[in-house]
Structures are given as structure tokens and as C-alpha cells.
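Chain lettering (A, B and C) follows the sequence in which the chains are written, and residue indices restart at 1 in each chain.
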Amino acid sequence: MLEIRNLHVQIEDKKILNGLTLTVNDGEVAAIMGPNGSGKSTLSYVIAGKEDYEVLDGEVLLDGRNLLEMDPNERAAAGVFLAFQYPLEIPGVATMSFLKAALNSQRKARGEDELSTPELMKRVRGAAERLQIPQDMLKRALNVGFSGGEKKRMEILQMALLEPKFCILDETDSGLDIDALKIVSDGVNALRGDKRSFLVITHYQRLLNYIVPDTVHVMANGRVVKSGGKELALELEANGYADYRTQAA
Amino acid sequence: MPAVQETVEQVRAIDVDQYKYGFVTDIEVDKAPKGLNEDIVRFISAKKGDPEWMTEWRLEAYRRWLTMREPTWARVSYPPIDFQDQYYYAAPKKQAGPKSLDEIDPAILETYKKLGIPLREQEILAGVQTSRVAVDAVFDSVSVVTTFKEELKKAGVIFCSISEAIREHPELVRKYLGSVVPVTDNFYATLNSAVFTDGSFVYVPEGVRCPMELSTYFRINEKNTGQFERTLIIADKGSYVSYLEGCTAPQRDENQLHAAVVELIALDDAEIKYSTVQNWYPGDAEGRGGVYNFVTKRGDCRGRNSKISWTQVETGSAITWKYPSCILRGDNSRGEFYSIAVSNGYQQVDSGTKMIHLGRNTTSRIISKGISAGRSQNTYRGLVSAHRKAANARNFTNCDSLLIGDQCGAHTVPYIEAKTASAVFEHEATTSKISEDQLFYCMQRGLSAEEATALIVNGFVKDVLQQLPMEFAVEAQKLISISLEGSVG
Amino acid sequence: MADVTPIRTAAETALAELFPAVKGRLPGDATIAGQRAEAFKSFVDAGLPHRRIEAYKYTDLRALLRDVPPLATEPSADAVEAARQWADPFAGVDALRFTIVDGHVVAGLSDFKLLPDGVEAWPLAAALSAGPVASGLMGRVAPAKSDPVLALNAALMTDGLVVRVRKDVALDRPILVRFLAASGAPSLIVTRILLVVEDGARATLIESHEGAGVAHHANTAVEISCGDDAIVHHLRANASGQAGVDLSTLGVDVGGRCAFTSVAMVTAPSLSRHQIFVRCTGEHSTVTLGGGALLKNRQHADTTLVVDHAVPDCVSRELYKTVLDDEATGVFQGKIIVQQPAQKTDGKMMSQAVLLADGPTMNNKPELEIFADDVQCAHGATCGALDDDLLFYLRARGLPKPEAEALMLRAFVGEALELVDDEAARERLDGMVAAWLAARA
């Protein structure tokens, strides 16, 4: 599914990723853990194609296609979805309108027919129900005045609707109380499947109790410094990141 | 969001430098020689079949105009206008009172077709009476066709050209013309008073709710012809009327002068809603050509509990100088101004409103959204004032500017004057650009940069679009996106 | 407008005749004399600004200035002695004090000899005659031609203060300049302060304008040049009584990584205009402007400011509070200019007014003029009576109405005074607010 080889990235002359290499297989849920400033969010932005990041070396392939050559919207159409740590507010644009515009742009880019409005409404309503998002929220401007938890649920709703191949969850657990965390995790788990992979970025092990990963990677100083199974997360919880900071330095 | 999709497709469909409506209709024109003097004023007056009092009114305005100077306070710049190098009258040749579409010059109908204006007449003739919009189509300077007259007549509503009103309803015209915008008001209004050639007249009698939206499409056609429209709308006690004005103009190399005057009068408990979509030729990619739009629009809430609401979507013209205003004279009266002003290329917009609170318990609301792109300059200029006797006056003003690109300017010049302690005025203004993060977020969900911009801009102007009648809103949304075409790098 | 030749008013005629009559006794070398003549010419050409001049739309000096008193002369020994007895509004503030009586520096009441190392000060008249200091800097920050009131100041200034704070010197004690209008007959008092704060230095300047109820006309200009990394505070208080005219100009050039703050407190006199021109010429600086005006009777006070962002990454904040009673008029005109290179500018401006009676007028004109796209700029303006609900709440808690109003008004103006860094000085300003409110009750 996703192949990252020897990725070097800087932003405003500051080196953030230093030869990161990572493989995520079809259907795999990979967790990325690491201390603050280890480059986790940068990794998510670089995969999604945010402009400010300068890729100095390395490659990022999605099913063999070079993502680094694509615009962010082309990557989205190719199946990359980033659930933002801080979802943006778009004043004046109703959530439902936004969802329709996004979905139909992607379908068009893939050469598929646009979805009819009734069909779209049906899908959105179904997904909203599962995520316990009240219907009237769909009429409000996207993310404007939403609580932190509502914004995160809205990200998962979009994920469900857009049916991406490769989902990145960037600190999706931050700012969520336990009930919201459970709703969001259930939403994500419902989307797991053979053809869909996940990269779950988190600082704490807590989220991984609900979204159980197949593999866990530890990041420090812009590289993956250790990989293992889900037990690695528990080990980190017990011992902290101190070992890895020194190891990487 | 279907409208966004449609917008984006439309943007793709047109050539960047090709103004969509830039074509010229070739029909015979009956016009006065260039320049302005008392003889030309008399010529226009005679052409319009004015009664003598009207001719005198015009001449008085002309003499006054000779003593006046062009205003220079607006943030716009342009080479001096040679007022003697303009044609002040041009009319399509009369074909003895057209009674049906068949009698209309086919070239004119073709023009409307190209404009994509749904001239409802056709539907009516075909028996498809679905939409209820009455069109008083103005072609160059003469009303060519007025529809729906019969049905309006039944309701007692007078909707005709101003020339006809001067002839047929002199008592109303003499009572109200110039009572909101006096002949001496300003340079362009005075010029208009002398040479106006046509425009609309509406009178809604006491207690009548006008059964349909009234609509006039203006169009400047003849080369170098200044267009001087005069519109007068009177809503008598307890009546209601909604009036739509939409404009397009063909492409020209020379600047075209437009100086319209619109006067609205709302008596006790009456309401007037006036909506404009302005889409005149803004000039080419280098800023050549384009319409000069120097308009005086003013509404007088003369009666108690009256209400006047202006909504405008301004995307066209090389220069816009326009301040639709409300005089809140009647107690409990209300004024509203909703505006979207989009400027791109080398356009210059200086627009806003005046809310003049004179009566007690008067309220006003101003929502202005300015979008500047290219090398354009976009200024909001507004006045809110409360007279000493305007107890409990209330105003809320919100004016936001959005900048696209780093070569344009967005300016806000509000004047807020309170002379009574019981007035409460609140004003807020912001200037910002579309954030990179918002764009990235939209693109991450699959929208192209252009689609994302259109989406965010549409969100930015939503509060104002909502004020427009549905059909107009869709057209306006398209226009905004077309106007911003090519502004996102 | 410009092409109309107005008939001169009595005040204009008086001013036009004044300069030729007094120029021989004004201090300064030949260069300065030339600059004075040039400034005077630009004033005469423009005349007194009137309502058709946009910047003076709400303060029509042609209409408001009926006459002009004669230029102040050096105070007599008796006048100086009397002035010495005046209560110092900033008593208790540990400052370096300088005293200007009727537009002339009184060396005996000024701390020229107490200046710490790295700080120099001269009476303006001396500096003008000495040449080098003044001619190089004078009028650079606030060019005479930019404004007729300023031009008049440049032509007629009689004395004032020039202060230089050398590189990296932190002047802890504020420089307090007391302007005392002591003469019993009305006079025209024209003074100027030039404060140069070099790179990395710190200074605080306090202007205290005091009078005894005589209808003097004051025209004060303050030029401040802030070097890179400088921290400068400026305070201005006018509590000189109800009579007279006070026209003042503050011009500031702000270098890179500076913090500049200026707060003005106005309760006097009858007609005042305080204009502020700030130019950000270095990146990453913060400009904070604020003020409170408390006006009654038929007082008229105008605050007009322009903050010009010429370079990227600067922050500006403006907060002005106006309280109007009786038939007073308040004017606030604020303009934030963001020039094309000034990306990432963050500008916010707020003007709030409370009207306490049915007679006052408040004119607000908060402007934005923006040529750069990556900016965050906002302005707001509100105007109205005191919040009834809040007033009721306070009264329900047992406060009589006047006290409840005073409490609310003190808090209202207090928000602007919060911008004053020096605690002792802030307390004095708050005291002026309290005194004004007490006089009202």
C-alpha cells in the first residue's frame, strides 16, 4: 500500500525528517508513536502534500504511484485521507455542501459519475448516525463553532464518506473525552478492511486500546527507530520515550 | 454544493480574456450629435415627448450642472472625462409600438439570448406561466417591451418606463421625482436630471402586495453612448414590492459613462426590496476600456414602520462609485444594505451606503463583503448617522474584506456619527486573505485550488447571497466566480 | 476644495501677520530660520484646515478658531515663582522633571544636571541655535509640510526639549515634562520635544499640560525616533481646565523589534486635537496606542491617528475610550495603512464611546487602507449609553445611581489606561478619571 523510502524533509531550513523509511501493507493498521517534535505531524503533512514542506530526498509511493509529484487534491482522489489534528473552519459553507463538493470532485477525478443529491444525503445521514452527529450539524458551516470532539467526529464522517484507501489519523485522540474517543474509534474500526490501511499517529497509548494496531513504529528525531507489534505500545507506556531520545541523538 | 460545481465548470468553459458578454448588436440607431448644450437637452426632451414642465426641469438641472464640479473624494482615478465627447441620446428605431415579440427587432432578441437572460415573455407566449417575473427590458435608452402589464394593472400596480409615466401619470411624477435625490444633489445626479433618457417607474398603491418580482435588465449598447437611467419607485401605505435590476454591457475599447439615479419612496408600513446584479464590462486584462459607473441610489423611508432594503452584487465596471442609501425619516423605519463587491484586473470600486437616522426607533443593518483580486482597488465607504431626535436608533455594521493576491488593495472608510445617547451603533470590520491552511484542507478532501477558492469565497459572501431572490442568487454566484477567474495562482 | 481661494478668517489673518512680526526673535541659526520660513509658507498656502479637508472633517479649525492670541513671551520671575507652587499632577512619580513655563524652559526647575550617563538633554532653543543636533533630526519624523498644524509649530516653536538616550542605555526614571501656562493673559504657546532613543535603549516620556483656566492656545509637537530594539513609552495628560485650545502632534518612527506605547488622557481644554502619526520602519515591532477622553459642557476633543505599516511582521493595537456629557463632541479618526511589502501585519483598532446625555455628539471614523494580502486587520467602533442591565445590577446590589455610573465609567476608561506600563503614572491618570467623575456627581 504505502512505501516511504529514505525521506528527508525540511521546513524553513529546519530539518524535520531524516531518512525516514516505512512500509504499510494492505489492510494494515500501523501506529506511529513518538515524543513531541519527533516529526509525526510533519510526516502526515508530507504524505498529504502540504506546500510548506521541502522534500530533499526520498520517495513516497501509494500502490506504486509517486505521491510527491501530485497536488493535494490529486492525492486525495488517489485515496489519501488525512484526519487533521486541528480541522479547519470554513465560514459560510454548509457541511453538507462541502461534503458534496469534495466527494464529487474526487469521483470526477477518478472518472466516476457524480452522486445524486438524494443518494449523497442517504450516505451522509447514515454515517452521521453511526458517529452520533446530529443532523442539524450538517446544515451548519463546516467546523465553525464545533467543539473539539465534534470536529474530530466530523473528520471521521468525511473519512467514511470519501472511502479512502489510506487513512492518516493525526492525533485524533487529542482533546477527546472517553465517550467521544470510543465513538470515534468505533467509527474507524468499522472502516477497517483488507483494502484499506491506516496510519495512526498518537502520542499516547490510550487510543491504541480502542484502535488496536497491527504494527507499532517509534519515531524520534525524524526517523523510525524501532518497530514491533502492538505490545511495543504498552512497553512505551511503561517506560516512556527517554531511551529513544538518547538512542536517536 | 451544485452552484459551486456549476460555477467552476462555467469558469472553465470561458476564455480568460474573453468577456462573456462582449459582443455588439448591430441595429440602426437614432441618435443625437455628440456633446451637451441646451439644444441637446431640448432634443432629448422632445424625443421623449416630455410635457413642458419636464423640459424646464431638465434645463434647470442642466444650468445647475454647468456650475458644478466632478467629485474627487472617492478612491478612484481615471483620465478626465470629456463630457462634450459623449452621445447623450441613442434609441433603437421605433417600429410603431411593438405589441408582441414578433415585432421586436430580431437583433435585440438575439442579444438577450446571448446574454442568457430568460426573457419570460417567451415562456408566457408558450403558455409556460411558471415564473412570475415582470421584465421591463431596457435596450440602450428606450424601453422596448414591457410585459405583464395586464396582470399588474389588475392589482393596480403601475410599472412602466419613466417617459411613459411622465406623460401618463404626471401627478405622481411631479410629486415624487427629485424628492429623494434633489436635482442639485451631486454632479452626476444633476447631469442625469438634465439628460435622462429612460428607466423604470413603479407605483404600488395602498395596501397592495405586488404580485410578482419586477425586473429590468439594463444594457449599454451603442458606442460612446452615456446611459442615463432614471428610476422612481413609490410604495404607498402598507404596500410591498421587490425590484430586480441586472446589467450587462458589450465589450468596448472606449470607456462608457453611466450615471443612473434611482429614487425609492416608502410610505407608512410599506416595504421596498431593491436587488442589483451589476456585471458591466470591467475593461480588458490591461485595464483598457470598461464602464464608468457613477450612480446615485437613495431610498426614503418616509412613513412610519417603512422598510427599504438594498442588495447589490457588483462584479463589473472599470470604476464603480455607488452608495445606495436610506433616509430613515419615519419612526420605526428600517434600512438595510447587503453588498458583495468583487474587483479583479484593474477595476476600482468605491462603494458603500449611508444610513441616516432621523426618526425615532429606527434601525439599520449593513453587511458588506469586498473581495479584491488582481490589481484592483476595493473601498467600502459608509456613513451611519443619528440625528439628535433619532431616539433609540440602532445600527449594526459588518464589513469584511478578502484579498486574493498581493497586488490589490482593500480599504474601509466608515463614518459613524451619533448625536443622541440612546443610539447604539456597532461597527466591525476585518480584512484577511484566504488562508493557506483552509485551501490545503479543502484540497486534501479532493477540491482543486480553483474549486477550493470558489467554495471559500462563496462561504465568505453567503450572508449577502441569502438576501437575493433565488434565481438572482444563482446568477450572482456564477458571476462572482467568473469575475475571480485567473486570480488564484 | 484646493482650487477655491477661501476668504481668510480673523484667525488666519492673525497667524499670517504673526510670523513676520516675531520671526526675528525666534531661536535658531540660519538653517532653522529657513526651515521656519518654508513651514510658514506651507501653512499660509493651505490656510487653517476646514471640514472639506478630510483629516479635519470633524474638527473644522477655520470655524472653531475665532482668533489667535499673541505669541507667549518669556515668563517673568514672578510668574515662574507662581508656577513653582502649582501642584504636580504626577507628584510621587519618581521622574526626571523638566518645566516649561509659557513656552520657555525654566532651567532652575529642570533636572538637566541629574541626567545619568548616556542620556543628554538640551532646551530646544539652545539646541536650535547650536545647530548640529537639531538641524539633522528636527522635522525628520514629523515633516512640517504633512499637516498645517504641524507646519505652524515648525514655524513658531519657541522652546522645548531635546533628549537623546544613547545606545543600550536603559533610562529607568521617566522624563516628565510639565507644560505650565501661567500667564494671566491668553497667549499662543508653541513648543516641541524631540526624543531620540537609540538602538537597544529604553525611555519613558510623560507630558503634563497644566493651566489655570486662562484661554491659551497651545501647539505642541513631539517627535520620537525609536532605534532598533528600543522600548519607549509615552504618556500625555491634559487637565489644564476648560478654557483654551490644545493642538498637538505626535510623530513616531519605530525601528525593528521595538515596543512603542503611547497613551493620552484628555479632560481639557475647550477645544483639543491630538494627532498621532506612527511609521513602522523596522520589522517585528509592536505599536500600542490608547487613550481616554472625558468631556463635558461644550468641549470638543479630537484624536486622529495614522499607523503606517511599511515593513512586514509588525503588530499594532489601538484602544480609545470616550465619555461624553452635556453637549460635548468627541472625534476619533484612526487609520491603519498596510503597504504592499508589509505582509503578516497584525492590526487591531477599537474606539468605544459612552454618551451620558442627549446632547453630545460622537464621530467615529476607523479606517483600514490595505495593500498587502497576508494580513490580519480589524477595527471596531461602538457608541451608545451605559449598559442599562449592568447599571440595574449594580443598583440592585445597593449602589446609588451616580456611584454605579462612576464605577462603570472608571472601568470603561480604565481598560485604555491598562496600557500604561508605569504603575505610579497609571494611578495618577486613574486619579484624573476619578476626579472628573467626582466633579460630575
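Note that in this section a contact is a pair of C-beta atoms (placed from the backbone, for glycine too) under 8 Å apart; a residue touches a chain by one contact, two chains touch by 3 or more.
Protein identities per chain, from UniProt: A = Fe-S cluster assembly ATPase SufC; B = Fe-S cluster assembly protein SufB; C = Fe-S cluster assembly protein SufD.
Note that this is a predicted model, so its numbers are computed, not measured.
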Which contact partners do chain A and chain C have in common? B
Specify the chain with the shortest distance from its C-alpha centroid to the centroid of every protein C-alpha atom present. B
Would you mind telling me which chain pair, A-B or B-C, is linked by more contacting C-beta pairs? B-C
Rounded to the nearest Å, the gap separating the Cα centres of chain A and chain C is 56
Averaging C-alpha coordinates per chain, one finds the centres of chain A and chain B separated by a number of Å equal to 48
Separation of chain B from chain C, taking each centre as the mean of its C-alpha atoms, in whole Å: 44
Applying the document's contact rule, which stretches of chain B touch chain A when the two form their complex? 1-2, 4-5, 435-438, 440-449, 451-452, 455-456, 458-463
Per the contact definition, I'd like the list of chain C residues that touch chain B in the complex. 1, 54, 57, 340, 343, 353, 355-385
Residue numbers of chain A touching chain B in their complex, please. 48-52, 71-73, 75-77, 80-82, 84, 87-94, 97-98, 100-106, 109, 114, 117, 141, 158, 162
Chain B - residues contacting chain C, complex: 72-73, 388, 401, 403-433
